[in-house]
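The next part holds the structures, each set out as structure tokens.
In what follows, chain A forms one complex with chain B and a second complex with chain C.
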Partner chain A sequence: MELTAILYSIPWDQILIQTINGIVTGMILALIASGLTLIFGIMDVVNFAHGELFMLGAYIGVIVLATTGNFWLALLIATLVVALLGAAIQIVTLRPLLGRDPLTTILATFGVSLILQNYALWQFGPVARKIQEPFTGHFTLFYLEYPWYRLVIAGLSAAIIGGFWLFLKHGKYGIWIRATTQDRVMAQAMGIPVPWVHTAAFAIGAGMAAASGVLFGPLVGVNHTMGLDWVLKAFIVVVVGGMGNLGGSIAAAIFISLLEAYAAIWVSPAQAVIVSFIVLILTLLFRPTGLFVPTPK
Partner chain B sequence: MTIAAKDAPLIAVDDVHTYYGKSHILHGVTLHVGPGEVVGLLGRNGVGKSTTLKTIMGLVRPTEGSIQLDGAPITGMPPHKLARLGVGYVPEDRRIFRLLTVMENLRTGLDRQGVTDEKKQALLDKVFNYFPVLAERRSQAGGTLSGGEQQMLAIARAMMLEPKIILLDEPTEGLMPRMVSQISNIIDVLHKENVAILLVEQNVPLTLEASERVYIMEKGVVRHHAAARELKMNDAVIHQYLGV
Partner chain C sequence: MSEKWKEEDWAQGVWYSGKVTRRRVVGWGGGAIGALMLVPAPWRAAFGQAKPYKIGAINPLSGAGAAGGKTALVGVQMAVDRINAMGGVNGRPIELIVADDESKPDVGRRKTSKLVDEDQIDAHVGGFLSNICLACMPVWEEAKIVNMISVCLDTTLTTTKCNRYSFRVHDYAPAQAVAFAPYLIKSLGKKWHIAYADYSWGQSTRDAYAQEIKKAGGEIVETTGIPLGTADMTPFLSKVTGQFDGLLGIFFGKDGVTIGNQAYDLGLTKRYKWAGDGAIAESTNLPALGNKIEGFVGINRYIPIQEGPFNTPEHKKFFDESKARLAKIDPSGPLPDRYVQSNYEAMNALRVGMEKSKFRGREDTMKLIEALEGLQMKLSDDFPTGDKLLRKDDHQAFPLQVIFEIKDGKHRIIETIPGDKTLFPPACKFAST
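This part shows the complex of A and B:
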């Protein structure tokens, strides 16, 4: 009797809804964090401009959507343009700093983030823009009309991450990226053009951030500060997942997003954010090499 | 006492000075290696043997002096370009890509432009023939190999570049006698294939056996240079510089 009472008191419908919500945000977050952790792993650079690449992706999505009306084209073009921009940023600001004190690269990427943010403010103004989702269908989930588009976001993010994973695992350039991540010097000695591998990795990370910006754009307004919340969370995910560990980051993104989504059942979403900080602090205290990484021997 | 190389040198290092930060390590190293020649580089610990190889490979930049490959200057050239020009490097600590499989380790040197699939297969067949254990372990992560297997992989990986010369840093360090003789066999094989080798070793008998000429370094400079067969008959020099 007691047990049934407890089972009845648990809001199963809300838990299911929040599980879906958590996975959707988790996949977007994983897409952002994958790029961040790739860049950190390969060149020891903490990219403070990552949120602005996400934001620029969303703005380019807005522009392309306004001119062509095609969401998928907007997604593609935003990804490519921001990837190229990322390559340019890497060549101009980070390549000369390779091997220097990490502080210099932090300052450099922080500078880039300020420039991009203010450029967006100057170019697009303070009023949030809207990206229209490519389709507006809903399905019924208990008392909710749940948008299909959200599930598509999760699926597409998973597909992009999965594609990236395959690219890393198989094929010449994936081996180049992994070899460079493991031993930059030896990679060079084997004829791998490490400076260009760094540029390519930064471009890939930037493109993934832009793709998440466009995908997520329809759920929030697009404005010049939209990158801030996400990048903060992505940093937490990268630390909790083990700096530079791609699988760990993806697991941490989903884990933290689910926890926040469940917490939001009982507390306000703004308070639920605290959950990720608690996870971060506990990770740093007890497993500083990452929550999903086997403890190094 | 100068002993000329048979032909124009493949690698010519001339009066090279190298620093790590403020510490002056190489004080004007001069040496050369002819095409297809095996040359030993001996010296006590810390005299700058590895630094000499790193300087040739472009991993540290010399402040003075010049290095030439086939008569063209390569001083300060990035290592990946040197690798593409045919300089293979097998470092002291092997530096296997630990999380890459044996096959992927080999592919880092194999996936170059202009290498046909047949050529790739031929190169792989060749090293798998010399090192059958690598064929057995081709799908295993490099970091899980034994020390001797890692050394074989490091040499095999350099061979993937079809190098004109291999800079080989203490290949027998820490290996069992059986492994040591395998390494000396592969040096002979490479020699027969006309691959030049600049061999840094602590194992003096092996070096004298494998090399044609030997340089002996002391405190960042080359102090002695002789044909290997001369040194074999002259223990005094070896004793003076190496204390063995």
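This part shows the complex of A and C:
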């Protein structure tokens, strides 16, 4: 009798809705965070300009979409353009700082973030822009009409991350990246062009940020500060997942997003946000290498 | 052409004979900067040696509030340029000293102190985010400088936290609620769920609507606070369910775009009547909302159309000039919003007060306050949106309110409520000055 009462008291509809919300948010976050963690893992650079690369991707998406009317082309071109821009930023600002105090790279990327943000405001102005989603269908989810597009974002993010993982695992240049992550000196000794691997890694990270900017743009409108809203959470995910650990970041993104979504059922969603900070503090206190990093044997 | 120029005498002299040294470059640079400083500012040519009035203008020009801050600055700059072109105030030009609060209260307070102590401003027109206005209010009071609040809407600025030095020449939440609540109940439904930006302005506006909706015979079923700058509001909006008639949104800026898009995506704007503060459907937000904002019913002191109360030559002049100026800061050519309007009118109200009181500088602050208290603003080029009174008791103005609907991507007037029908009893006690 008591078990039945407990089962009845559980808001199953809310749990399912928030599970979907958590997974969708988690996949977007994972896509942003995987670029961030790649850059940190290979170069030991905490990229404070990551949110602005996300934002620039969305703006380039707006321009391409306005010109061609094709969302998928906008996604592709924005990713490539921002990847090239990322390569240029790495060569000009970060490569000269290689081997110096990590604080200098933090300051450099912070400076780049301010420049990009104010450039966007100057170039595109204060009016928010729209990226029209490629389709607008809905399905009924209890009392909500849930947009298919949100599920597509989750699926595409998973596909991009999956493709990237395959590239790292089996591609020649992916193996170069992994080798450089594991031991930079040894990789160089084996003939891997480490400075160019750094540039490529930064470009890939920037491209992933841009792709997430275009994918997420239709839900929020594009403005010069849209990157700020995501980058803090992406940093939390990277720390909880283990700095430089790609798989860990993906797991942490989904874990934190689901925790927040479930907490939102019983407390105010504004209070649920605190959950991610609690997880961050506990991770730093008890497992500073990251929650999803295998314990060394 | 290639490298031959290097062999010419002048090039040899300049580049290869040691004439260009770092010291000389620094010297020439310093000289050039000095010369630039000596070039007279535009107002000097017109006003000779007349000492300018220094007017400070703090707005968020970077950070989360920058989009609105930029349009706010267009309004105040437009007013200053017009005043200077007409011969200034009391024969003296106005020099606008712009400061960026970076959308942060601590920075806003620091920049306010700088304007007071270093720039020695005579008065201030500005303030965009309510939490920053609240943080800066005591500084204006302590420095005894008139502060014309030009965007902040938090109720307490002219109620429990009022002071003798601060004036608000535009509306506030209680007046909006007085104007809007009867319409909401009569035309849209009795039971409401309020979703609001969870900070000072959103909270005080929520309270004002809750009070007026109850007074009009309605009911607030639930409220949902969403932190400022939340990018994904879906977890919050997914909890909005139950038996009620309408969803009332209290948001502005990019949060207005986010809620407009995401409430539509989840089907909330179809299931419930969708209404709220006009800032959600501000002209600068409409491009990013597209057709998802169709049918939204809002209230605002200003909408960029030339119909009804805004079908006047004075408004047309304001509309055309602000549109031209906005096109310079945004290539998409936005229409003026309420931030341009209230900054423009706040600066003009200050000018009227300065002329009436024969204001010379900070030493005449009390005379300026007396001139502004009870100021009747009449439809004119100074006040293109119409008549309003700046109430003496709490330094709060009561402009016209427009209830509108978004149809075919444009604002359409449903009803207008004159300012004197939106009066709300004063709740301010000034400390003795």
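Everything that follows uses one rule, which is that the second predicted complex is superposed on the first by the 293 of 297 C-alpha atoms of A that agree within 3 Å, B and C clash if a C-alpha of one lies under 4 Å from a C-alpha of the other, contacts with A are read in each partner's own complex, and residues count from 1 in each chain.
Keep in mind that, in the parts below, a contact is a pair of C-beta atoms (placed from the backbone, for glycine too) under 8 Å apart; a residue touches a chain by one contact, two chains touch by 3 or more.
Here the structure is a predicted model, which is why all the values come from computation and not from measurement.
Undergrad: Kindly classify A:I175 by the partners it touches after superposition: chain B alone (first), chain C alone (second), both, or neither?
TA: first
Undergrad: Touching A:E52, do we find chain B (first), chain C (second), both, or neither?
TA: Neither partner.
Undergrad: A:T25 in the overlay: touching chain B, chain C, both, or neither? Say first, second, both or neither.
TA: Touch status of A:T25: second partner only.
Undergrad: Please indicate which partner A:M226 is in contact with in the superposed arrangement: first for chain B, second for chain C, both, or neither.
TA: second
Undergrad: If you count the residues of chain A that each partner touches, which comes out higher, chain B or chain C?
TA: Partner with more touched residues of chain A: C.
Undergrad: Look at A:V194 in the shared chain and tell me whether it touches chain B only, chain C only, both, or neither; answer first, second, both or neither.
TA: Touch partner of A:V194: chain B, not chain C.
Undergrad: When the two structures are overlaid on chain A, which partner does A:Q117 contact: first (chain B), second (chain C), both, or neither?
TA: second
Undergrad: Quick one: in the complex, what on chain A touches chain B?
TA: Where chain A meets chain B, its residues are 172, 175-176, 178-179, 182-183, 185-195.
Undergrad: Mind pulling up the chain A residues that touch chain C in the complex?
TA: Checking each residue of chain A against chain C gives 14, 17-18, 21, 24-25, 28, 117-118, 121, 124-130, 132, 138, 143-147, 149-150, 216, 218-226, 228-230, 260-261, 264-265, 268-270, 272-273.
Undergrad: Taking the complex as given, what residues does chain B use to touch chain A?
TA: Touch list, chain B to chain A: 57, 59, 78-80, 83-84, 89, 91, 95, 97-100, 104, 107-109, 111-112, 157, 160-161.
Undergrad: Which bits of chain C are touching chain A when the two form their complex?
TA: 62-64, 66-68, 70-71, 198, 224-227, 229-232, 234-236, 238-239, 241, 254, 257-258, 261-262, 265-267, 270-271, 284-285, 287-290, 329-332, 334
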